[in-house]
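Take this structure, written in structure tokens, and hold onto it; I'll ask about it next.
As written, the chain order gives the labels A, B and C, with residue 1 at the start of each chain.
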Amino acid sequence: MKRLVLARRETTTRGGQPLAFLVGLVFALVVGAILLRITGDPVLDVYERMWDRSLGSQNTWSDTFNRAVPLALAGLAVSIAATMGLWNIGAEGQIMFGAIAATFVGRLLPDAPGLVLIVAMLLAAALGGALWSFGPAVARSEIGVSEIITTLMLTEVASRLIVYLEQGPWKDPDGFGFPGVTPRPDQAELGTLWERTHIGVLIALAVIIGFAWYLRRSVWGYELRIAGSSEKAAAFAGISVRRKVLGVLLVSGAVAGFAGGIELLTTTTGKLNVQISNGYGFAGIIVAALALMRPSGVAAVALAFGALQVGGQAIQTNPGVSPAVATILQGLVLFGAIGAAVFSTYRLRLVDRQVAES
Amino acid sequence: MQRRLWQILAVLLAFTLVAAACGDDEDDAASGSASEAADDTTTDSASASEAADDDTAAEDAATDSGGTSAVTAGFVYLTETGDAGWTYAHDNGRQFAEEQTGATTLTVENIPEGSPEFDTAVRDFIDQGADVIFGTSFGYMDAMEALAAEFPDVAFAHATGYMSNDTNFGNYFGRIYQARYLTGLAAGEASASGNIGYVAAFPIPEVIRGINAFTLGVKEANPDATVTVNWTFTWFDPAVEGDAANALLEGGADLIAMHQDSTAAGEAAEAAGARWVSYNSDMSAYAPDAYLASAIWDWGPYYASVIEAVADGSYAGGAYWGGMDDGIVQIGSLADDVSAETTALIEERAAAMIASEFDPFTGPINDQDGNEVIAAGVVPADGDLLGMAYFVEGVIGSAEG
Amino acid sequence: MTVPAVELDGIWKRFPGVIANSGANLTVRPGTVHAVLGENGAGKTTLVNCLAGVYRPDEGAVRLGGREMSFSSPANAITAGIGMVHQEFRLVPTFTVAENVVLGAAPRVIDQGGIEALVADLAARFGFDADPGRPVWQLSMGERQRVEILKALWREANVLILDEPTAVLTPQEAVELGEVLRRMVAEGRSVIFISHKLDEVVSFCDEATVLRSGATVAASLPVAEVDASELAKLMVGDVAVEPVPVAVAMPGDPTLTVDALSVRDARGLLAVDDVSLEVRSGEIVGIAGVAGNGQRALTDAIAGLEPVESGTITVMQHDVTSAPPQRRFRAGLAYVPEDRLGVGLAPKLPVTENAMMRAYRKLRRGPIIAWDDADQLTDQIIREFEVKIGSKGAPLASLSGGNLQRLLLGRELTGEPDILVASQPTRGLDVAGVRAIQRLIVQQRDNGTGVLMVSEDLDELLALADRILVMVEGRIVGEFDPRVATRADIGAAMMGGSDRGTRPDTEEVSS
């Protein structure tokens, strides 16, 4: 008698991760095809359209690229904290507060020239994100309160704060009494590169490359790695773990807040609202995990993720896959990726039943 | 709701990874964006820009059934269609219009307000040849304005907002307050205690106007009755809506009215042995014993008329605020125990409104504090109705939420 | 002929870039203690890990009592009767002895007292002293090892694997361990004893299998019939093993002065109690003592990793009593901690990043590290200290124990320190590794560095040290001149205060 067990691999092969990702993708497509057969949807049409509407045609690259920007920055924020083994679960809230800070500057300097305003708003957004992670950072570094809980809770606070601003102090006087914040000044809009792909794509890419490089090459990045490795080792090397915890969470928050600034400067409506973060902060955790917590990997993963979101939405309208099935398909791809990640670390083995059970 | 799901998944993932040794990666589901279906909007008041005309479209709508229009129409919905509620009513309208005109229709559900997913959806529709886009949630307004400017050859019609232009971007809504007033007549009679509860979404003019019209109807039937408002600050959240209804029922209410998108309040009333006035569509199936009456939408003829106008090139944006005369708002079925006299009264008032001879807000009307806000004999202008921010006499609660 | 208890037949195990086992064989008869001998890196640990379910062999068969097995996890192997005591213990520090012993294999009804009684019985059966109610973090390394052995016995291990078990033991404890092992084999169990210390093998074991470069070079030699030098030759091949030459010390000025130092441990007890000592340049001061008598707290406090209760620490005339570790390093103090991987090194980080841990502040250009210089430094350490690595970018954990220690020592010595504090620097290393490290330490001394060396291997201290201090219960209880002192003298001093911790029954009464 044999049975299957999951066993940890002793070694992980180089390049195994992308390969595993592909295997996971194929798995998802196969299971998805079965599902679509059951629901009576045209399998090939669905897949073709998912591809066409995300990466397959130049016309739709913009949506995918633009979507990838906040995903990548949020993923970067999470992975920066992860270099020290910290979990910034609250990137969502930091994105929101970054957008709040940017909106504040927009209200403060409504007549500033576009470029000045854009730079000021982006800086404010980064500062705002850092501010939003300041409490959790101090709580973690000084008294050891888990940053997972605090950052997550502050997300809820940020979203309530936006609702309050919409209904109260920042309510648009031209809004006929409806809740809603006054739009950002017209000149505060990031331009486009081609079609609707906005300059934020370049900015985000630069930020990611910059951080990946800086973390790898700098004294700061090195000290983070040592401090994340063990407290004693850090003490040995003369590194203050507390200061590093504080610093890394603030930087992580700043990057997430920056994403909020980019979103505010590119959103069609020009308005701060609770959807400004659109789940990017949470998705960023997945992006970072898929990128193996390496800042250098988040751009590629975010692009794939953005494509999945955009493509998954498109199959609803045509050929009319029900939104539930569309969501399941997206979930399957992610599930496949997770599974692939698991199987790059573990493998299935057939073992002798007696041994397994004895 | 979905966002919450992603959130939970993401956090679980994080904990899993924390627990597992590092090195394994994984991930999971959360695409943030699929997210958030939940709340939102049906906000709205209609055209602030003066509601003026009914003429825009409705009229020439829809007479020739089974048309062969070459028009393609895209509908963006905030929530899933479901089988009751706001989006359901719109989707019924879409199906009606599709049958009437022969147009091709496209739909997409679960598109959050203010998220880039709306843009993506609309561009996708346009790439598929859409000639007209219907956005059925208030929060789509800003994005629709921008997209209307970008695509001058595509018609944009936005439900419940106040923005428009006079070429390709219009807004549309209906005088649901008229139907609410009629349900108030039935409710005033049905409530033995005179303690009526109202589960309401957001303190905005659209909702306030509905509460006031309903209360005017209630007090006409029972001058001593009161309407107590409980704000939920959500359009769609069955748990919250049910809790709000229960709180009112525990406070002694024996009838629940609502401005919400789920049937939860009705189910709460049913469980408590109380009565219920539903909204959006005739929801009698969800709480057969509690159900009394409903204020309902019939968007079909309007959608058909816009599609016709787009087909012949006459669509020109603007604002549309139709009433019972257009049939866009109606009163649903009445429960069997509504008395013959009240039924007759409702029918009479409905007929008067259809003939444009009567408006529930005809003065004299006092506000909550007893101050006269509409003088005797005056029928307020649409602009006043659209900006209504006070409660009338008989409403208990704050109009500021 | 009886069926062997264990047969490993033609085991191959490859890791990226390394072949750990190339057709290794091992046959263990029931009721024997079987030594697996070999240098570090010879593949001993990998081979037994294949038996313990930690690894799966790429090729070859694992047979227990004649039946072929395929373990997918250590849990499988445990249920099949294989118990393993790893070099790094796997205990939950906050749990009691009894809780650790039964963890994951507890009887259905958990009753604290009952379990403790059962564990105490088990311990008594094999001649262990163990207080089952004590939390593990309070135990010395030797005591923890016994808990590990009890764990395996509790799970009714029929084959017990001990990986370098005596590395953490005093000579006396090692003798006691030998007695325990004899009792186990007397009950028909088998013991696999991994070691590179020939004297132990000769005194404890019935048979020996020698591995070299991943393959078996001699199988199941009857230990009684071969002599130790024969075994040594088999282990190292043609390389001659010479003792480390030690010249006469020429002590100079004091480099490290510890005055009336007291340190409290996590329990709040005095782990170091009023210790005063001095290390002068050009001498090796050895600290002998049974494991867990405050040696670790003493060296950690000197290095700045443990706060000081009272007293002073002076390095080269600088009072560093409350200085952070880095300042002490700059003052001339190098430290090789007992816990190499957890304290001295970061196992997941690349070799280079470990090599530069002390020096990186000098390798910066503005906020950026001068990686070329860091690589150069690493190359220099690797060259000078003969560290064998795969690549500088590979995680440190991929290095073998001996190479880890060379890298660590090399890194600490690159600053040309005035005083080297080394805690158990040769523990767990193979013969060649031990010799290399010892030679380096002596060389430092000859160059005028003061050395404070903690070791639980008395022979090592007798061979290298110029003075030996004996530490018992946090105090220095005696000083010996190794040229004249005998093992017995020092051993007696080590037992001096002697009813201490390792006699749990007496502690139980007193606590």
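What we mean here is this: a residue touches a chain if its C-beta (ideal position, glycine included) is under 8 Å from a C-beta of that chain, and two chains touch if they have at least 3 such contacts.
Just so you know, these numbers come straight off a predicted model, no measurement behind them.
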| item | value |
| --- | --- |
| Label of the chain whose CA centroid is most distant from the centroid of subunit C | B |
| Contact-richer chain pair (by C-beta pairs counted) among A-C and A-B | A-B |
| Centroid distance [mean C-alpha coordinates] between subunit C and subunit B, Å | 75 |
| Subunit A-subunit C separation of Cα centroids, rounded to whole Å | 45 |
| Separation of subunit A from subunit B, taking each centre as the mean of its C-alpha atoms, in whole Å | 34 |
| Residue list for subunit A, restricted to those that touch at least two other chains | none |
| Complex interface listing, subunit B residues touching subunit A | 2-3, 6-7, 9-11, 13-15, 17-18, 22-36, 43-45, 48, 74, 80, 106-110, 112-121, 123-125, 127-128, 138-139, 142-143, 146-147, 162, 202, 204-205, 233, 386-387, 389, 401 |
| Subunit B-touching residues of subunit A, taken from the complex the two chains share | 12, 17, 53, 59-60, 63, 66-67, 71, 85, 87, 89, 92, 148, 152, 163, 167, 176-179, 183, 267-271, 273-286, 289-293, 305, 308-310, 312-314, 316-318, 320, 323-324, 327, 330-331, 334-335, 337-338, 341-342, 345 |
| Complex contacts: residues of subunit C adjacent to subunit A | 15-16, 55-56, 69-73, 76, 79-80, 303-305, 324-327, 329, 335, 337, 339, 342-349, 353, 356-358, 360-361, 364, 367-369, 371 |
| Residues of subunit A that touch subunit C when the two form their complex | 5, 7-8, 10-11, 13-14, 214, 217-220, 222, 225-226, 229-230, 232-233, 235-238, 349, 351-352, 355-358 |
